[in-house]
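What follows is subunit A paired twice: with subunit B in the first complex and subunit C in the second.
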Partner chain A sequence: MLQILIQGLLLSGLYSLIAMGFMLIFSVGRVLNLAYGTYLMFGGYVYFYVSQMLGMPKLVGVAMAGVMGVLMGIAKFKLLVKPLKGDHVAVEISTLILAVVLQAGVVLIFGDSSKILLPIVPGVTYIAGASVTYNILSATIASYAILAILYLFVRKTHTGRAMMAVSMDPKGTAISGIDSDRINMITWGISGLLGAVAGVFFASYTQLSPHMWVAPLILSVAVVIVGGIGSIVGTLVVAHIIGFMEVIVVAWFAPELRGVFTMLLIITVLIIRPRGLFGREEL
Partner chain B sequence: MAFLQITDLCAYYGKAQALHEVSLNVEQGEIIAIVGANGAGKSTLLDSVIGLTKTTGDITLEGTSIVAMNSSQIVRRGVGYATERFNLFPYMSVRDNLMVGAYTARDDVQKNLDMVHKLFPRLQEREHQETSTQSGGERQMVSLGRALMTSPRLLLVDEPTIGLAPKVCLEIADVLRRLRDEFGTTIVITEQNANFAMTLAERLYVLENGSIKAEGTVDELRDDPRLSEAYFGL
Partner chain C sequence: MGLRWYHFALWAAFIAFMALLPELVSKGTLRTIIFANFLAVFAISWDVLSGRTGYISFGHPFLIGIGAYTSAILTKRYGFEIEVAIPIAVLMTMLGGLIVLLPALRIKGSYFALVTLAFMELMYQLVQVIRPDLTGGTRGMSGIPTLTRGALNGYYLSVTLMLCVAISMWLLMKTRVGTALSAIGMNEESVRGSGLSVTKLKMFAFLTAAAVAGLGGAFYVHYLGSVAPRALFDINFLFTIIVAALIGGSSTIIGPVIGAFFLTFLLEGLRPYLPGAERYFIYGGIALLLYMYQPKGLIEIFTQGWTRLRSRWTT
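Showing the complex of A and B:
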């Protein structure tokens, strides 16, 4: 039982970080960024290239992945989302196509085969008798720390409050002197940063592959559907529900069923509470 | 040179024209009212001043044309706007709503917050309350307070009394007068309630079907039939 609790917390921290970037875009920009998983893929590959191929320090690799995520996010907003402003379907189709194109690009450069990322922090420790790798432990701690910083940023800074405002009332935002395009661009940059850093952790937890953008995207969509257009706290709660559910399913039933229960949860929430468990028009 | 000068302003929603060559001027420190029935174009006129509609013609603020600027630039130039529907952020606290208004006036946050609390003590008492749980009168106060947090020299107020109890209307009128008298803010309000407009403003413009039909001081227009036509929408 204690092992499930520990594993659940470890997995949920990572899931929270993965889903948060997706939720930000959905809440502020009101679009589903179906290329979101490519931030994770790019983050993983940039870290792999910088830290393992070039042999630079691991923290530099993580930082470079984050920078690449920010640049990708801003580029997506400027080149794709802004020109298609107002047409959410076109944005969603375009981002999906972009994801496939980016995947092909990664295959061209790095090949189609999976790669193993060396642990960011090597070693194993034991918590209450359960073995936990330092790699996943550090990834989880870093995830919670990043989410805490994000929460403070959104709640306590002018730009963060502006992000909340854009998610609630565009006219109210405009008459407050806020340039919503600029706030959207910043949000896309933050989303890219979160996704890319999460990608480093995710790839080191699983493996690096050109197809690794799909699973995080499904997870993120699930969190947004179950949580609703939501608060940061709501996203955290739902990511933990899904994380713990997967750990329990794997431990008590069968690993093959881990995703099935998440899908069942989505369908159940869609039927019972279509706006999601925490759904309200806010960030 | 007028503080705010609007010249031959036309405004459009798609192909529909909502304003027809509207011209008016506002001197610094004045309170003027634009009166008219529902659908006369009052809100469109204020939206146009702050850059929210597609327009032709010209709008100058202290001699500088602002017609090609976006809302953010216009607010930074000292124009605040409290809209008819308030457009508050419903799941944010009163204080956070006010702080969003401070986005372009970060150097003046404490000074403006003190002013807002002085004008609306109730907002300080309820600063942690979400605006979605507030009454119409309180939301109007937050809306005005948020506009004041932008450090406006020109304050636009769209139908400040709509749906509010008479006592609250008097409070709002008192605050707007104090804003002009104590802080020198120039104020443009729109109103369907011509009586309220006449008790507050020095000059009136009568707007009907997107055009100015009459203008003048309160004394000049008090018995003008065009005012009652606009008032009653006849």
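Showing the complex of A and C:
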């Protein structure tokens, strides 16, 4: 029981971090970034390249991954979303194409085989009889810390509040003298940062492969649908629901079924309550 | 219905060209064309649903997969004749289409796209877990009875299927129902305001698309003789279908066909230079540039070029 609690918390922290970046873009820009998973892939590979192939310190690797994520997010906004003028369908399709292109690009540079990341923080500890690697523990703590900073940023700073305002009412914010293009660009950058850093942690949980972008994308989709648009707390709660659900399913039923319940949850919530459990009314 | 003599002349020329093609090209090219034909069927099915009504479906492999798996299980595990199994597979896929319709009655836009993606992923997970003795689990099935042998027969079969689907969908879209479906894509409220039942129209679109997808999926599995979950319920497969429909030109019938042939030959043409999965880099890059340049697709580029040429002649 205690083991499930610990495993669930560790997994949920990471899931919250992964889903948060996707939720931000969906709330503020109102577009689905189907290439979101490639931030994670990119972050993981940049970290791998910097820290393991170049042999630089691990923190530099994480920082580089974050910087690349920000640049990628801003580039996506400038090159894809702006020219398409926020046409939802066109952005969805072009980000889907972009994801496939980037996947192929990673295969081109690093090859098709999956790579194992060395743990960021080596060592193992025992909590209540369950073995927990320091690596996963520190990734979880870092995730929660990043989420707390993000929450404060959105609530306390002018830019963060402007982000929420754009997500609620783009016209009203434009009248109030807020440049929504600038806010959108900042949001894409933050989303890229969160995705890339989450990617380093995610890759150290599992492994690095050119196909690793699909699973986090599906997870983010699930969290955003169930949690609803524009709610940081909703995203956190739902990421925990899904994280714990997966851990419980693996522990009590069968490991193969872990994804099934998540998908069923999405479909049920969408049919019964389309705006999500914590979302605002708008459909 | 807005039918003109040159429509029939163009179709007849297209059919004659496809029938004569085996005389002109090698066996290897024929095999490539077979894949292009199946892709064209899938793209037409996607276009009937998403290109017309504007309900972007990311779950099309879900429908194709139901068709493929039903037919494969019936023939391989229960010894059904292929001729019996394919109609049953089409009916099953139409049932699947009703499942996809369910969320479409309440939600639209990005949410619908997301839930169809969830359907595809759910199917991928379920196929591996539930009754692996029937579905073959993660590894899928092989040794499924095939309809034909040899490239030439396979070519004629796939061309016939593709042309039948294309022409019947083209005629269907020329009717008032087809017009109403396109109108849903433009403004659903005004269709409802005109006194048409949007629910019935949507149901019609979903059932038609599902029937075509099931038909294509069932024939495809009996052409390949094998089926595997990772090849079918895959984002790359989904990507190819959607891009074929959009690159060619959605809301037309010939557009998805052109798109399917263009993409298949592009992928084959890159094979000598980039043998591995890397060619998806160039292939996706070209698709992305084309889509960003003209979201209405190749057919729009052709039409614009044609009008420009004509205006130059007349002046």
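The rule we apply is simple: the second predicted complex is superposed on the first by the 279 of 283 C-alpha atoms of A that agree within 3 Å, B and C clash if a C-alpha of one lies under 4 Å from a C-alpha of the other, contacts with A are read in each partner's own complex, and residues count from 1 in each chain.
Keep this in mind: a contact is a pair of C-beta atoms (placed from the backbone, for glycine too) under 8 Å apart; a residue touches a chain by one contact, two chains touch by 3 or more.
What you are looking at is a predicted structure, and each value in this text was computed from that prediction instead of being measured.
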(request) Evaluate whether subunit B and subunit C can sit on subunit A together after superposition, giving fit or clash. (result) fit
(request) Classify the contacts of A:Lys78 with the two partner chains as first (subunit B alone), second (subunit C alone), both, or neither. (result) neither
(request) Check the residue A:Ala174 against both partner chains and state whether it touches subunit B (first), subunit C (second), both, or neither. (result) first
(message) In this superposition, which partner touches a larger number of subunit A residues, subunit B or subunit C?
(response) C
(message) A:Ala162 in the overlay: touching subunit B, subunit C, both, or neither? Say first, second, both or neither.
(response) first
(request) Scan A:Ile225 for contacts with subunit B and subunit C and give back first, second, both or neither. (result) second
(message) Quick check: superposed on A, how many Å separate the nearest Cα atoms of subunit B and subunit C?
(response) 17
(request) Overlap the subunit B and subunit C contact sets on subunit A and report the shared residues. (result) none
(request) Write out the stretch or stretches of subunit B touching subunit A in their complex. (result) 50-52, 70-72, 75-76, 80-81, 83, 86-92, 96, 99-106, 146-147, 150
(request) Report the residues of subunit A in contact with subunit C in the complex, numbered from low to high. (result) 26, 30-32, 80, 83-84, 87-90, 92-94, 96-101, 103-105, 107-108, 112, 210, 214, 218, 221-222, 224-225, 254, 256-257, 259-260, 263-264, 266-267, 270-271, 274, 283
(message) For the complex, give me every residue of subunit C touching subunit A.
(response) 54, 56, 102-103, 106-111, 113-115, 117-119, 121-122, 125-126, 128-129, 235-236, 238-239, 242-243, 246, 276-281, 283-285, 287-288, 291-292, 295
(request) Mind listing the subunit A positions that touch subunit B in their complex? (result) 158, 161-162, 164-165, 168-169, 171-179, 280-282
